[in-house]
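Below are structures written as structure tokens.
Each of the next two complexes has subunit A plus one other chain: subunit B in the first, subunit C in the second.
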Partner chain A sequence: MKIWHRHSGIILPVLVIAALTLWPVITGKASNRESAFTILKAIALASSLNILLGYTGYVSFGHIVFYGFGGYVGLFLLTENEWSLWTAMLAGGLASGMLAFLLGTAILRLRGAYFALATIGINEAMKAFINNFDLFGGPTGITLNFSVYKPYGGAAQALQTSFYAGAGLALLAIVLSHIVRTSKFGLGLLAIRENEDAAEVMGVVTPRTKTWAYVLSAIVPGMIGVLFFFKNGNVEPHDAFPLHASIEILVMVMLGGQGTVLGPILGAFAYQGMRGYLVTSEFFKDIQLSVSGALLLLIVLFIPAGAIGWLRHRIPTLRRVLA
Partner chain B sequence: MKRSLFSVFTVLIVVGVILSACAPGATPTEAPAGPAPTEAPAEPGAPTEAPAAVEKTVTIGFTSSLTGSQEVSSKRQVAGLNLWMQQVNDGGGIKLSDGTVVKVTAQTYDDESNKERVQELYTRLITEDNADFLISPYSSGLTAAASIIAEQNGKVMLTAGAAEDDAYKTGNTSLFQLYTPGSQYLLSTVDMLKKLDPEAKVAVVHENDKFSTSVVEGLKPYLESEGFEIVLEEGYASETTDFGPVINKIVESGATVLLGGGHYPDGSTFARQLYERKVGLKFVSLLVAPADSKFPELGDAALGISTSSQWELAATHTPEEAAALGKTWYGPTGEEFAAAYEAATGDKPTYHVAGGYAAGLVLQKAIEDADSVDPAEVKAALEAMDIFTFYGGIKFDTTPEAHGLQTGHQMVVAQWQKDDTGALVRKVIWPTDVANAEPLYPVPAPQQFTGLPAGAGAQRPAPEPYSGAETCSNSISYWHHYPTAFFWVLSMDWQPWG
Partner chain C sequence: MTILLSLQGVSKRFGGLQALLNITFDLPQGQILGLIGPNGAGKTTLFNVINGVYPPESGRTVFRDKDVTGLKPYHLAQMGMARTHQIVRPLNELSVRENVMVGACFGHENQDLGNASKIADEVLEFVGLAARVDQLAGSLNVAQKKRLEMARALAAHPYLLLLDEVLAGLNHSEIDSMIQTVLKIREQGITIIMIEHVMKAVMNICDRIIVLDYGQQIAEGNPEAIASDPKVVEAYLGDPRLAEQLLEEEV
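Take a look at the complex of A and B:
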């Protein structure tokens, strides 16, 4: 019973991932598969950022750097060393984790706005570095030859495989998020979020704890980067480190409710679902950016705590399920 | 309560203004509405001897960049394609030997100049909208992502605005390129320089992106083989708005000629700042931006700026040229195309417009040659194609190493000069057999344009020292897409996390 209470918060997130995975299978439509992939990718990225933003209270504007860096490392290993997608994904995740460890050791001594500004600088610096790094193709990036898809059954089957891998990574991200939230380590992060000085007094070794939170939040983005660019067939610095994508992930986390497992999932689902609908809607497709901006404005004005925060506040009995 | 009512009103007003300002009907590149994709007998009462005329509508699917960095060029390309569709439908469609009349309609989405949704949108175009043929997005990176979807669904994709060579060397067999490949973009400019000034010292300064870098990769070995000294090679970020540090390097290098650029936003800014700094280069050639009809809005800063162009009306290709080369001529003349475009839009066509139109024209020819709209047969017709249009030669590489790469098309060099009335016009200056003006070389120093006494510009002035910031990358340009998120995050209470 105790275990059930502790882990009941993971049920809804898993059901959401399962539903998203089954949606294209049941409908049998490739376009639904692509839409679901975009949402699953956003869920994986938002849930990862939530470990840092929601649990630890540190705003990272440049979290997309791990997605881009991991993607580059993975694609390089795929093309130059002919690694399989699976080992390349693992390597991309580990490379991003190592990068987060090195960066975290240095910049997590900063707090608040100073940390947020430093993360923007890191993303731009990494973009400039990759732009001038010939091993990764410099500004032209890395383009995959179609023969890369052969071991996965050709381009068509590779896209299907990528979709299931994306679902797996989204699941990994939420399980990781849940484990962190329900662990003693997560409790330390929440203490840091509420008052870092007090947390230190209570025995939380804050620099080390924050660094590990940063590392954990970077691994899945690194893996999803490899998968996305494998699926797209090429990677360029411009696509790998888009600052606006970092802000979109922040918006998703806060839209759903930061600091909860389900919040970023709902935020990612709502945001990408809305963008996907608007961009293909006959009526809205020419004004989709304006409409999505106006809708976000309304949500921010009236539900500033995010959807889950609002629900938890209004209906206390749901607090255990909406963890 | 009053405050929340005020908030609601404010939001409603903002939403109202946005919606009224951005009504879908205001979009100039809206695809012409075609008939529903159905097959229906055209004339039920026709005599029984004649083959039954069946009308068939094919859907052409593509994404375009209605927003983002590729917006200007992408919209021109779509405008050209729309004109072709309009003409085909108004002319009664494409007629096949079995009596079928093929009309065309378009389905299009905004890709925001962003790769994130390109595969999703092309999958939707193929599986939901039942697109029969595809046109590529504008830019090489977006096209590379879309080409995988085209390949896996066996759909032909004609590419205009995707010049970079690598996308055609991936082993795909679905792409067919309309543009001269990126690696050959500036070669004719080098040929011209060789004649004008073999001693020129060349600075190669380009946007750090896939297309511009591929152009430079083709340019550098050619410059060296022709005996030119490259005194500077520098890349700049796509979002650059301050070219001060780059211009300083150009001045310090002692370069007399500048070759490079990238796309419209950076290219037009670069040209303006070169003028404002009075750098006094003898010759400047930039990619893409000077080929746009908006470029003269820079005023005197546009004077003398050259570009490599896929097509210019002044040097349009003719049936006589095709006959001399022994090629089959197809489609309207350049003058007919330009007049039709001007009548439809009130604007003069650029090479991006011509590229979009030519993509449609080539597809039309392939359908006629195949005498079918079956993708496999149209693809075979494209592979066998070797024709000449107003846009130039069209022939595709059919080897597995570079399938679909354009091998029949040549570029010209155009330069902004002043006509007798003092208005800026784009003149063709190379190759000499199609040129309608002599190259303006060296380009007069900037003082001569600003009303200074005669002779003041005869001696090149020293460039003004630069005192601005040393960083040239400016990513703030992204914010305009996400104003809400920006202000929201800024207004967050940082205190509890500090």
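Take a look at the complex of A and C:
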């Protein structure tokens, strides 16, 4: 009973992932599969960012750096060292985690706006560095040879495999998010979010705790980066480190509800749905990013806790389910 | 008598302001030490130096026979020091129980979540917040937030508890019940340093009092001695002789 109570918050998120995975399988349409993949990717990225933004209270405007960096490391290993997708994904995740560890040690002593600014700087610096880094192909990036897909049954089958891998990563991200949320480590993060000085006085080793939160929030983005660019066939600096994508992830987390497991999932869903509509609409297709900006403004002004946070405040009985 | 905390010549300055100068005292285990003095005398700064928020410029702090000078607040919390803040710092979006669990989880006993939850319920019962465990901390009133601060500190089962004006802003009946709570904490064997302006409380419950003025220790002793010390009267009321002179001029 106790275990059921503590873990009831994971049920809804898992059901959402399962439904998303089954949708293209049942309908059998490749276009549905691609839409579902985009949403799963967004869920994985938003849930990861949530560990830092929602639980720890640190705003990162440059979280996409881990996605891009992981992707580069993975694709490099896939082409140069002929690693399999799986080991390359692991390596990409670990590389991003290590990057986060080093960066976190340095910049997590900054608070509030200063930390947010530093994260933007890091993303731009990384983009400029990769642009001039010959080992990673400089400005032209890394292009996969078609033969890379052979072990996965050819390109078409590789797309299918990538889809399932994407679902697996989304699941990994939400399970990680849930474990953090319900652990003692997570309680330390929440304490830091609410009042960092008070947390320190109560014994939370804030530098170490924050750094690990940063590392945990970077691993899945690194893995999803490898997967996406594997599926994509190539990686270039401006695809790997798009600042606007960082902000889109932020909007997803804020929209659904920061600091909850379900919030980023809902936010990713809603945002991708809206984006899908906007980019195909005649009027909005060129200004879809300004819609995101306006949306962020509205959220911050009117529902700062996001949709789930708002529901939790309004209907306290939902708190257990909407963890 | 074992010495729990010892300050040896601790000084701290902020730019041109000498906030603390050469503070030296030993605190035996089990005592309640009162820290009084006019506003701005350096009382809270002294707390901040003791629990590691600021490192001192010179001098040493020894806690449980270890030199802890310059250690961070979380090190000291893990070694068994806990404190409350004059301006309460509740973790607003967490429940009252979760607030207290933070104290139990990360204090020197390093409890897991299950035990911490039990300790939180016990401590909240003790400070009289049992009815509010599932409420968000942000929804408490000031008196309740002060009790929450105390509960969080107690949940760590500390050796030394620093209480920073826990009575300020409370009404008479709240003060009386808070005094009873402090005395019960001492019965549990916890050593206490308290900063307090409510003299009735200081005089009744402290074993020893240190008076600070402009960052210096101007008097030290038991409550009776402090109450009749001319230097203390001067610090609070100004120079007695000057007052006399002014009165004469008036005539």
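Structure notes:
Criterion: the second predicted complex is superposed on the first by the 295 of 323 C-alpha atoms of A that agree within 3 Å, B and C clash if a C-alpha of one lies under 4 Å from a C-alpha of the other, contacts with A are read in each partner's own complex, and residues count from 1 in each chain.
The rule is simple: contacts are C-beta pairs under 8 Å (C-beta built on N, C-alpha and C of every residue); 3 or more make two chains touch, one makes a residue touch a chain.
Note that the coordinates shown come from a computational prediction; the quantities given were computed from them, not determined experimentally.
In the superposition on chain A, contact of A:Pro139 is made with subunit B only, not with subunit C.
Touch criterion met: A:Tyr58 reaches subunit B, while subunit C stays clear of it. In the superposition on chain A, contact is made by A:Val300 with subunit B only, not with subunit C. Of the two partner chains placed by the overlay, only subunit B lies in contact with A:Ile287; subunit C stays clear of it.
In the superposed pair of complexes, A:Gly225 makes contact with neither subunit B nor subunit C. Touched residues of subunit A, counted separately for subunit B and subunit C, are more numerous for B.
In the superposed pair of complexes, A:Gly70 makes contact with neither subunit B nor subunit C. Of the two partner chains, both subunit B and subunit C are touched by A:Glu194.
Judged by the touch definition given at the top, the superposed model places A:Pro13 against neither subunit B nor subunit C. In the superposition on chain A, subunit A positions 193-195 are in contact with subunit B in one complex as well as with subunit C in the other.
Those residues of subunit C that touch subunit A in the shared complex are 51, 53, 72-74, 77-78, 82-83, 85, 89-94, 98, 101-103, 105-108, 112-113, 116, 152, 156. Contact residues on subunit A toward subunit C in their complex (touch as defined above): 183-184, 187-188, 190-191, 193-195, 197-206, 259.
Those residues of subunit B whose C-beta lies close enough to touch subunit A in the complex are 7, 11, 14-15, 18-19, 22-24, 27, 30, 66-67, 109-110, 112, 114-121, 123-124, 126-128, 141, 144-145, 147-148, 151-153, 164, 166-167, 169-172, 208-210, 212-214, 217, 235, 237-238, 473, 475, 478, 481-486, 488-489, 492, 494, 496-498.
Of all residues in subunit A, those touching subunit B in their complex are 29-31, 33-35, 37-38, 57-59, 61, 111-113, 124, 127-128, 131-132, 138-141, 143-147, 154-156, 159, 193-195, 231-234, 236-239, 242-245, 247-248, 250-251, 254, 276, 279-280, 283, 285-291, 293-294, 296-298, 300-301.
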